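In structure tokens below, several structures.
Two complexes come next, and they have one chain in common, subunit A, joined by subunit B in the first and subunit C in the second.
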Partner chain A sequence: MHDLQWKKIVIVILVLLLPCIPFGSSTDYILRILTTVYLYMILSLGLNIVSGFTGLLDLGYVGFYGIGAYTAGLLTIHFNLPFGVIILLAAVNGAIWGILLGVPTLRLTGDYFAIVTFGFSELVVLFIRNELWLTRGPMGISGIASPSFFGHSLSESWHFYYLVLVLLSIVLVIIHRLEDSRIGRAWYAIREDEIAAQCCGINLVKYKVMAFAISASIGAVGGAFYAKWFTFIHPDMFKFWESVLILCLIVLGGMGSIYGTMLGALLIIPLSEVLRIILPQYLMNSRYLIYGIILVIMMRLRPDGLIPFQIAQSQKNKHAQKRLFRHHETYP
Partner chain B sequence: MKPILKAVHLSKNFGGLQALKAIDLEVYPQKIVGIIGPNGAGKTTLFNCLTGLYEPSGGQLYFQDQPIVPELSQHIYKSIRIASFVFGLISFFWIGFVLFYTYPQTVFKLELCLFVTFIFALRILVIKYLNHYEAWAWSLYFMFLFIDTYFTIRLFLVPIHVHALLIYIWILSFIICHGYVLTILISFETRKCFGFKMGVDRISKMGISRTFQNIRLFQNLSVIDNVKIGAHICMNSGFFSTMLRLDSHVQEEKNWEQTTLSYLRDVGLENQAFHLASSLSYGSQRLLEIARALASKPKLLLLDEPAAGMNPKESSNLISLIRKIRDSGLTIILIEHDMKVMMKLADYIYVLDHGVLIAEGSTDAIRENPKVIEAYLGPKI
Partner chain C sequence: MVFDQSSLLLQQLVNGITLGGVYALIAVGYTMVYGVIQLINFAHGEIYMLAAFVALTLITQCHIPFFASFFITIGICGCLGVVLDYIAYRPIRKSPRLAALITAIGMSIFLQNLALILWGGQIHSFPQDVLPKIFTKIAINFSDVIVTWLEVFILCVTVCSMFILHYIITRTKIGIAMRAISQDKVTASLMGIPVNRVISFTFFIGSALGGVAGILVGIYYNAVFPTMGYVAGIKAFAAAVLGGIGSVPGAMLGGWVLGITEVLGAGYFSSEYRDGISYAVMILVILFKPSGLIGKPLPQKV
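This part shows the complex of A and B:
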């Protein structure tokens, strides 16, 4: 067995054992922070498809997050569907809106595209705030029932911890499979060089829309989980700041590398809690300043993020080479 | 033997500059055709037209007797003209007719007659500019479309006793004429006119593949991934088979891993298969571009200065490689400044200068041609 597989097993066991370790009275608190971390991992993995793999700067990702959350909230309140169905419907709804946004904006490039996506997220918030008949506007939706499985309603923190872990692993598996396939390579090709990608027979429109739809549906899944977990949603939760935060996670971790984005979430999200404890009351709001300083320092020391795309790629290539080498006695 | 690629009066303008002036080319299968000419002669522009990156301003391109550039200039213009003529003719009577039924007492007033004439003139004008794909004409056209739709609905609501049959014929003709124009509007060729570049990937699916003068590799990906992207059109696993990792997908990936390695072996890069493309030397990057172009199993290969920046040994290897590719059944069009390489390889040479085809012939004929010598060395003093 390889070293890497051992490492993987150890990490998985640690993650699974975490809720069992008693932290005294603060267990709930720590589990809740970890759940947030995993939620942001899901979101940053989703955004990574558009911004990291395909190379389109998307500032409106939180729009899909909001769409997913409201889909889940409304479906629970009005129909009380089972959790699995809600997650699926939220993903489908997110994908539909992703396609609707993607198709007309595809001709834009670079900054113009970013501006349009930014406008989209603001549009979502405005819609939610103003369409009282559907979303109850600024009052928000409260009392969203927790998901229940086989008659047991989830209530404890560790229930949600495992739930988000399951979602995260599903998303992770899907993204891993897509990344190392024809579709993922087409995305990389579009990011690296659009003209060469076209000359290789890649239909830019199709693959950009696909990236958009998948990314949007993952964001909507994150939103649906958030609505079910928090049991209360409000238009202010889906403000532009959230988009920037998720983008920061990706930039910090390394655009385009899966483990980099996860590492980014693992570092930044607990940091806000740590700062909340460390900083005195009157310096509370300066923790955004510290985010900024950390980002600046990171960009100075490692401009491509913590795990740059190139390093992740060469690591992957080493494994591919080893795998081929195992099958052939001689070098292929 | 039929030519695999044929260009008829191909021309390309950039604003006032004519980059290509009425080029006629014929490329026969399993031949190496060279294109030479001084810098700025329009060689790369020709390649860009062939691969669909540029849309030619005039002329036609045929690949295996199929037009590469959709024949929008003739075909679409004609159908739009016919459709819009019908549309204009009908619309002349349309408003008067509707008004006659809806407001019978006002029909024969002078102002109304003038108004209808004005609308008619406007519509004719719109039709004229519709052919030139003017944005304002199309927007006006849509305005008319909505007005017509409104009146059609209106006509349904009016109590009809006498000419019921006539009205239904009218509505039918309305639907037919607008439907026709709308179909043209959403067709591929017209979308292309509005700036959607739909052509390039379709052309590469037809079997034309190219390399670039300034290397355009996917620098941050591994060498083998570059070749796999080149093989994109030969693979067909979609989203669901990838996500569920179906057997077909796994098998395809496995097969193509071997095939791409064999392509890399052909160009002599199999030892660097898992390195990043940016880590290769300049000559190797050129070879990798050739391997990537070959991976899509093309019928016609366009090589844009493959020997640029290579030392004599490397370029002699390249010559034998290109010969081998030709012998495996491909047709090659070659742009090259290195005359030694060109004279050794080419079966037939076209010489371009300032967008004009100044000479064509076999290598010996080109070497002796006074026009070519003049283009390269300047006129005799």
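This part shows the complex of A and C:
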């Protein structure tokens, strides 16, 4: 119980502190990095639902990110809808694609699931690149209008800082509620042992499709924010490496652990900014080398991540945990 | 030159068979490793890419003749595969499969970016004067269907490699050990088979064949760049799945089917979706016939 109180104190401090950052002496640059960190927290929380909670390695997450970004970009360019509507429509579109991907892949596990999701995201990028009539292909979509509220268009860095903080909070609350609910427990059960879960009366189809849909819609919300923030999107932004980066965040932090994935984003995104400054221009992309090493080393030394999921869970609900892991004593 | 329809089709078939043979060579590496340790070795495509770079460096920087560097590169690639297994996969062999898969992805990204740092991101090409002159000459010119000696060479190397591999797997002691391990690792070790050594050998053979494919493609398209392994690796994996993963003849068949499908699809359907055709084939096979064309269906263990 002592740990729980300590955690509550940290959360309260963060809740009070984070909104104050723009009032401090921080520059636009710091705010932009923090906005990126929060954006990747949203994305990794979304990926965490499928890869962490349900235990299926999703290599195509960036596909949903791209779908969300292009949904937002195209809706802004053609219809100029309000920001709230765009975020909602992007989430719905992401969920639709999540279901479309989820239903046929229900039977797959492990490597085959990973490779099909990978193929999906590559097909999304190919589609975006080649269907010029819809997406303008390799030219990308530029000049996406910034979101505006009550007639005021957002332009300063701190506007977007608050916007992404609000989105992150909403996503965090949703995921927290899901984790503690019947749905979350069903996901853990599926992750631990699919067949045993089915025998306990868990409807695999329902819960897996639900996980895909929610995960995809969170990814799409992240993409929509990105499009509105960066005002320019390009097919190359949604390549496989982006998926690997997000995977790296949750592997470093701890697959399945909400705080772990957020810690992963907090550590790696600033690291990649530092590398961006240190590395010469032509070696820019080689910062992925570090991500590769992180993946390998984490799997070898600490496969549960910096904040393992199991501990997070045991602090919260020892009883539920006992019930869940009973048939799987050797975990992890 | 005006092509009529039938000779265009024939020309496409020639290209498809050349490309398919290369896919088959890479796919064999995937399928052998999958057969013995049930791991998708994502880094396999990067070994293929490194092979092209190593060969290029040996030829242009060290001035070693083409055929000598061809064999040296194959040896280096085989050793690279063994090292890869030793430092990355062996320590986590008892971990869950998800961990092994993530390690494989990590190694793949690591190697690709290592190549980016060592050789730079631009497209390299083999200078024309270092390759044997005969490669660009025309071997067969049958009513506008042109087959160069290079294509003949690629096909010969592919087929010879396949026969050597087939001989190793079916006739030699180590091949039998490999098949035993793919059936049951524990029982094989109880029968006195040095499991780790045989797995290393499997990595050696698979990576050496991947290396052969890398050099051949490097010359064929005359383009070597750090991301070449990523697309080719996935396509070869698609070929392995198409043939039935874990089955060596399946990988060969899958490679040719995929190569021909891809070339014909690019020629007659849409060249923009060239890569998409392979991905789509892969997804459809996994969804509807996961055991592939000639693989055995996997029983679900409880």
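By definition in this document, the second predicted complex is superposed on the first by the 265 of 332 C-alpha atoms of A that agree within 3 Å, B and C clash if a C-alpha of one lies under 4 Å from a C-alpha of the other, contacts with A are read in each partner's own complex, and residues count from 1 in each chain.
Note that in this section a contact is a pair of C-beta atoms (placed from the backbone, for glycine too) under 8 Å apart; a residue touches a chain by one contact, two chains touch by 3 or more.
Just so it is clear, the model here is predicted, and its values are computed rather than measured.
Asker: Does subunit B (first) or subunit C (second) touch A:Y288, or do both, or does neither?
Answerer: In the superposition, A:Y288 touches subunit C alone.
Asker: Figure out whether A:L267 sits in contact with subunit B (first) or subunit C (second), or with both, or with neither.
Answerer: A:L267: touches no partner chain.
Asker: Give one of first, second, both or neither to describe whether A:P104 is in contact with subunit B, with subunit C, with both, or with none.
Answerer: In the superposition, A:P104 touches subunit C alone.
Asker: With the two structures laid over each other on chain A, which partner does A:I174 touch: subunit B (first), subunit C (second), both, or neither?
Answerer: The first partner, subunit B, only.
Asker: Touch test for A:V116: subunit B only (first), subunit C only (second), both, or neither?
Answerer: second
Asker: With both complexes superposed on chain A, which partner does A:L88 reach: first (subunit B), second (subunit C), both or neither?
Answerer: neither
Asker: Using the touch definition from the top, say if A:G55 reaches subunit B (first), subunit C (second), both or neither.
Answerer: Second partner only, subunit C.
Asker: Which partner does A:I195 contact after superposing on A: first (subunit B), second (subunit C), both, neither?
Answerer: A:I195 sits against subunit B and subunit C alike.
Asker: Could you tell me which stretches of subunit A are touched by subunit B in one complex and by subunit C in the other?
Answerer: After superposing on chain A, subunit A residues 195, 332 contact both subunit B and subunit C.
Asker: Tell me, which parts of subunit C touch subunit A in their complex?
Answerer: Listed in rising order, the residues are 39-40, 88, 91-92, 95-103, 105-114, 116-117, 120-121, 230, 234, 237, 241, 270, 272-273, 275-276, 279-280, 282-283, 286-287, 290, 300, 302.
Asker: Spell out the residues on subunit A that touch subunit C in their complex, using ranges where they run on.
Answerer: Touching subunit C: residues 55, 57, 59, 104-105, 108, 110-112, 114-116, 118-120, 122-123, 126, 129-130, 195, 240-241, 244, 247, 251, 282-283, 285-289, 291-296, 299-300, 303, 332 of subunit A.
Asker: Which residues of subunit A touch subunit B once you look at their complex with the stated criterion?
Answerer: 107, 174, 177-178, 181-183, 185-186, 188-189, 192-193, 195-205, 210, 214, 309-310, 313-314, 317-318, 320-321, 324, 331-332
Asker: Which residues, counting only subunit B, touch subunit A once they are in their complex?
Answerer: Going by the criterion above, the answer is residues 51, 53, 195-198, 200-201, 204-205, 209-210, 212, 216-222, 224-225, 228-230, 232-233, 235, 237-239, 242-243, 245, 249, 253, 257-258, 261, 270-271, 273-276, 292, 296.
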